[in-house]
């Protein structure tokens, strides 16, 4: 125990390591905030950069960037309605309306504190229950991933806005966009029209930047001469009472974040969206309706995506299995530094586990500090004249779309989806379901096929498999419950029975 | 700004386009592998495209039923000149990026669009553009080593030359 | 117009500043064919900094993923043959032609260095009802199509190994595709699949920890990293004709690159591979260092392509015959 504590505190006691975590976290916030710059990219560049370093300082920097980056995405989501990273998509839904009301400062303050809470819970689970959680994550079979993804796609119901029909259309479109390119399982061409540029599919980030960033910038052009929204900076740090009020919700959404983060193949983006949906379902009476600036709509995704960071480290540190793209690269970095991340790491080098846990806690604290300072300066961005801000957003969108895969084709896609997103919004479709579809597309497609191939193309066998596994059964039950509770059938039934009961007699 | 009880200008046309798009994609999805197996690469795209087709037809029917129109016009309220012009600028940017290179194209784009939107003097627009472009260049090209198309400006050579200057010319 | 412009400009620049004339005079772009964190990525990012020291220039590495690596290959082949674009790839492009993934493969490139080769190994879930290769074969023949083999799609290493096995043994299995050996090995531990033909390096840690069990090495001799695992030829000598076989990593430049540039790059990467830290890393991961270039590398590539193309073609998973591309059948 004392030994664990000693390893835990390595990064706290060494000034250089402490400084590197701080630097990493600070840089991460900005990397996360700029669309097109991703934590994945930053960490892989750091591998070459920290090549000659010892392993401790290199990891400090990476851990900091990771933590800061996941949080940083919320900045631009709130201020400009452009999620800086996929995990901040859900944050934009209620964060941006707050900024439009002049409450950007409060929104950032709340999301910072909640990110801290979520991050802390994630690390806590990592420290206390890592072996248990990773064994649990391994029990997920293809059919369970499929059910989980279907559960995810049912979120369309809460993201559709005015028309469920339009939401379903947008979601299906997203699923289809995600399927473009060489099929990852058979290398069959899908919707490529013979163009090699399409083999790699349509970059998800390019779609996201187009649908959110460009379409928003185009919408803003309508009000080019209107003065920018004046931001009133009142209370930045939320009161203890407010934090206490959201604590039960944040515990639930953090659990969602940890589990989804720990599952190999799913990460903070899905976690945040699922948490948002969960919040919408359990919050009976929000002070402000969801989609118009509900605080719960900020609390849920921000706790979940930072909790997913700790979650992603769980299979990585216990089994050498990456929980997401960033931990995959950190594993590569550890190899290069002469470590062998795998199931033996915990036994042969237990100090690594506690060292990383310690650095994560430290990064989480720095995230809180840096997040709460400089808010005033950040909100000034929104007060910039639109005539300067909009061209800059557009330039950043182009550069960001290009930077993801160094591809000009991605820029064209980004522009296309920018124009398309603008039209969608104009005619009352939401862009959220499209992105949701793109995120979940491969998860559903691949796992459906794996599941059915494993059962030799026999639907009956697949169904039996679902019914005989407790995990699948729970997930299946959740899918059925949410599906029924969101369809008109249920509301119709409830309305009939509800009114019947209220009146005390038949109709 | 969208009111579901009234029709926007162009809304019917948009709904028709979406039906067409869905139909086309469904056809393409069927071409991938037909109906050979539940696990075929085309199965999932077919399901998604089918859902698109069904919903888009339902949306079209709903839109056609809307009687009341909004008092708006397509080219002033949905796609006013400023939006079309801005989008054309972006398209131009994307087309010129490869041949001209990142630096000149971006500078041109920023200066022109800020000037057109702000109408506050060409020099001012140029100054603001230059400053913001410098920042973007430092972050993306120098820190994150994203190799933007260099085009007319031999950036790589200039950077290497600068690097040599600073390292005192001690190349092996 | 573009080339004319830049050409004139470059000519101007070069005549004006002759001190810059020696390669490399600017950053070199390294295109990594696979995603960040994968084996190819790790190997390339580990060896390149050592090579840079000898080269005296900087190599900026970027991951360009998609289309089983075909996008990166196409991109690299579209650049100028000036040695400023390196393709850092794995074995897959040699199968593109027969798999119907375009007509560009390593024949449009010059090998700078074929760095290392991986050894395939057959691993199984701990609960699988067999402990050796022979037991597995018997079990599969008694329960056709019930055993689930992990795969990474047609043309990937598991599919080639499975084809190799099936060319000599009757082996009716169900192949469940994953998008990489990492996810497949995870699924193996969770019991979603029963057997996985994987690279030794990717599975070694899990084997050492006893989380999965090794059945046989797909090689002619035992490996130092796992001395107790028998090579497949012990039970089935017939496989000797195919072996040694395995995935590899290499650095390539476009064909037509000036000889002195290729020579300089080859020298740099050869020295980089020799580096003790890198050798240690390769040992730990169970890779066989090859460090070959020039004609020797070309010969290796040709042989690999010939053996594998015909193997996948005979197994019926290829889309075109190797004959169409003048790939000779191995003797």
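Labels A, B and C are assigned to the chains in the order they are written; within every chain, residues are numbered from 1.
Heads up, the rule we're going with is that a residue touches a chain if its C-beta (ideal position, glycine included) is under 8 Å from a C-beta of that chain, and two chains touch if they have at least 3 such contacts.
These numbers come from a predicted model, not from an experiment.
Among the pairs A-B and B-C, the greater number of C-beta contacts is found at A-B. Summarising the inter-chain layout, the chain whose CA centre lies farthest from the centre of subunit A is C. Between the Cα centres of subunit A and subunit C there is a gap of 33 Å.
Averaged C-alpha coordinates put the centre of subunit A at 23 Å from the centre of subunit B. Separation between the centroids of subunit B and subunit C, computed from CA atoms only, is 36 Å. Looking at subunit C, one finds that residues 62 touch two or more other chains. Residue numbers of subunit A whose C-beta contacts span two or more other chains: 41, 185-186, 406, 449, 453.
Those residues of subunit B in touch with two or more other chains are numbered 98, 145, 147. If you check the complex, the residues on subunit B that touch subunit A are 1-2, 4, 8, 10-11, 14-15, 18, 25, 28-29, 32-33, 37-39, 41-45, 48-49, 51-52, 55-56, 58-59, 62, 78, 80, 82-83, 86-87, 90-91, 93-94, 97-98, 102, 106, 109-110, 113-114, 117-118, 120, 128-129, 132-133, 136, 139-140, 144-149. Touching subunit C in their complex are the following residues of subunit A: 40-41, 43-44, 47-48, 51-52, 138-142, 181-182, 184-187, 196-197, 199-201, 264-265, 315, 319-322, 325, 328-332, 335-336, 338, 340-345, 347, 405-407, 446, 449-450, 453-454, 456.
Of all residues in subunit B, those touching subunit C in their complex are 98-99, 145, 147, 151-152, 154, 156-157, 159-161, 171-172.
Residue ranges on subunit C touching subunit A, taken from their complex, read 35-38, 41-42, 45-46, 48-49, 61-68, 70-71, 74, 99, 101-102, 145, 148, 153-155, 174-179, 182-183, 186-187, 189-193, 204-206, 208-209, 211, 277, 280-281, 284-285. By the touch rule above, subunit C contacts subunit B in their complex via residues 1-2, 5-6, 9-10, 13, 17, 20, 24-27, 29, 56-57, 60, 62, 84.
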